[in-house]
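Two complexes are shown next, each including subunit A; its partner changes from subunit B in the first to subunit C in the second.
Right after this comes the complex of A and B.
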């Protein structure tokens, strides 16, 4: 019976993935622009959460630097958007974030626990305040206009980034790099004593995760048209990926995906339906999940699923 | 042939001298014991050799090459492996994955995943943990945890293996099994340097014993010499 389940499961989940992909690709053809824009925002959160999980999931280093990497992408887009074609703008945003992450990584990845969290948070705040100071005293402006891009193009670009981020996350999980990352998260000292170059492994993975955050920032900037350091380096963008990942559960690859999707959609619903109470409702839901669902929403579903299977096996 | 050699190895923690001018040498194929009262600096010496801690002064050479100053992962790849006093396993990973990670990353060669998997399986069989491969390391009983740590260290293909109290917390039957395992490892041609408080084991398996006290080496010799040495009896063994 187990064997049959495995044989059946693989083409089934592959087919399901393909179906979801086709729906996502053709969606702008038959749904109103509002939905496409909403989906763009949801995909943005998913990419940020999945990229955050690539590094922080297995290593258990909680990074609050997402806003820094996202913001670097946003600012790159504002600076070079007028002179470069869109694909190159996005690539530039990703590369700058990647390089920044390598520098930050080499500096901070020796720190553990609380010190690492605070340092990564300070990095994004530092860049934000530095840019604010620079813009007001050096260039004399606060914000910048970004070259506008059609909302469908934004959607397709973020969809491509989403697919690449997911694929990267999947491949890393299955590779020897993934095993090294988990070893570091479990027992870093032991990991270095079995030959894992922890500093290098952590820095590279941190930079890969920043790469996708930078790409996301670069494309989202074209949707916002106007940006300033407060928008680009919004601290909320550092906290949300962490919350969304915890909400979904980091044990499985699709945990952060569902976590971010449900979370982002919930936010949209609550802000429109209950504009005055939405933060309150939102907070309550979050507290309940953290208190009662240690493995997130996906963990809960898995438990039900396994429980159901167990019962069926017992009766048959 | 001299495998490991320390010259005037010194470690200070702030004002405290944990190790002071310790000279030692370990020959290829030997089993050397390291004993001494609590706080004598035994684990500190292991930490200096494996690169967990930097030395304050002195030099450690392995196969004639200086290794003090290298990082733990570099020293591991040179062929030095260790276990920890309180087993430091990858608790949330399976027993098999614990060994696999060491096979994949522990050596200078690049090994394919199937080869590493085969090697990890063989080593689990060697320490008699084959049947527990799919269990999470955190669910193992204490004796099996210690054996898994040995398997993980062996998976890095060491020429020198350092055991930090691999028998602590074991019952007499398990101590006997552990001694058997050490003999099996030695028969593979691996040199062993071990910290141990179980005297029966130390006296039986070691060719030579080094005694530390307050960060200094106070004696060195065969088990018979150590057991009858006046100083050692006074500071450590008791009458």
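Right after this comes the complex of A and C.
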């Protein structure tokens, strides 16, 4: 692509981003509370999806452990929420997820493809089942109450996490780390041969993505008031980020953002009234996307864009 | 003491028989097609609910439903593979890319089947009584339906094993699993064989569903648990090995019944722990090379 176009585009997209940011920050001042709460949930899914894409997008290691990292955040919030101030609670949640991810990452070094997918899924299911068993037989009570926080505070916290996650994802993409991750995704053996420490690169990125998931869990717990292992470690929380990211397209940074935003909005308006129809629709869209849109909706839009503007350049 | 041990062993064999049955189906689908069918449990669930409906509405014997459910699910599985997954396979750049995209497509299938079932049968837990008189074997008491289920599971698994090793089609399937490209050169119609394999996996699910509905409670969301058990058994026996899956099923069943004897809530946890340890220590399975 020619340089002039990039230079020209930059101030424009930066201005657009700033505008969106200002709208998001001032939103609670003039919209009704239910919209703020809706937006909080949408942002939650966007953060989960963007963090999932940080690791799984370039490396093509499909992780189904999102629920584990999210759930660890939720449980941290439930356990220390009463004694620590909110910023520390969120930090604690993220750090515990970060540490868990390092452990999982180091354990799964040898696993690839299918093995990695089912391993990550098993880890989060193991934690969920263990906690359920622990609460029913050891403590005798299933579930916990979480200290409530005002919905505007929840919104601003998740907005900050969202901006940080997006910024991190952007910086990683632009850095040597991002390049290393992509080369691991292309051909891991070749990547190690040119001197990339694949183990370290994978583990650290996995942990960074878990960090944001943990933070999200910690703040979302305060919105839910009551939590139990089934809510905190819901396997759907592992599947949804994968599907939202692929629906949006993992090739671009904004792909997962759009994918998550569209899906989360659909979920919010459909689940309460037609839960089964929502999941039915969800499954159908998933199959259609897999079959016909391998690069997600962003890929589709780009194709149209190219087809309309630069057919001569699109031959490569 | 002796009757307790016998009780645990027979219960383990019954669970193991069911596990082996559902695992061979999944193992065949993975071994030949390299697809991990996470909607396998949904096929089992459909079989179980069809049996429940036929029994409560028309009084049809579950053992007769078994003969109906199996072939019907075979045809459905065959068609799904022939359309959806054949298209996906032809379109994929590599076998690895196909494995990933097909996994996601199976998740889609899982959501579709499960929520259709929730719409049709509602989210309630169902069950019925069939052949629930009891027999005692050396002081240990068992319900007849459990023993019948075990017998059927063993007979079907063995028949399936013999089919794969002794018949012409079975050999074509194993050739396709060994080396798809060469098998194609040798005149094996790979697309048809893959679809048949997938259908056979669904057939096993269609046999397992009615048996499960005879002895356990069923609900539309039960599928994933059976899928996970099947995956654990398949990895335990070595990915793609049919013999390994058969033996692995019984091993896991015996472990399950032993753990359940001490604390029923721990059985699923024990499965996951075994599975995770297995993946870490010997991902090729206990019979793997």
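Structural remarks
One rule holds for everything that comes next: the second predicted complex is superposed on the first by the 299 of 316 C-alpha atoms of A that agree within 3 Å, B and C clash if a C-alpha of one lies under 4 Å from a C-alpha of the other, contacts with A are read in each partner's own complex, and residues count from 1 in each chain.
As a working rule, a residue touches a chain if its C-beta (ideal position, glycine included) is under 8 Å from a C-beta of that chain, and two chains touch if they have at least 3 such contacts.
As the structure is a prediction and not an experimental result, all values here were calculated from the model.
Within the superposed three-chain model, A:294 lies in touch with subunit C and out of touch with subunit B [touch as defined at top]. Of the two partner chains, subunit B is the only one that A:176 touches; subunit C does not reach it. By the document's definition of touching, of the two partners only subunit C reaches A:283; subunit B does not.
Contact with subunit C, but none with subunit B, is seen for A:114 once the two complexes are overlaid on the shared chain.
Within the superposed three-chain model, A:133 lies in touch with subunit C and out of touch with subunit B [touch as defined at top]. Across the superposed pair, subunit B and subunit C touch subunit A at no common residue. Within the complex formed with subunit B, the residues of subunit A that make contact are 176, 179-180, 182-183, 186-187, 189-198.
Subunit A contributes residues 60, 62, 107, 110-111, 113-115, 117-119, 122-123, 125-126, 129-130, 132-133, 136-137, 235, 239, 242-243, 246, 276-277, 279-280, 282-287, 290-291, 294 to its touches with subunit C in the complex. For subunit C in complex with subunit A, the touching residues are 36, 84, 87-88, 91, 96, 99-101, 103-105, 107-112, 114-116, 118-119, 224, 228, 231, 235, 239, 263, 265-266, 268-269, 272-273, 275-276, 279-280, 283. The part of subunit B that touches subunit A in the complex is made up of residues 50, 52, 71-73, 76-77, 81-82, 84, 88-93, 97, 100-102, 104-107, 113, 152-153, 155-156.
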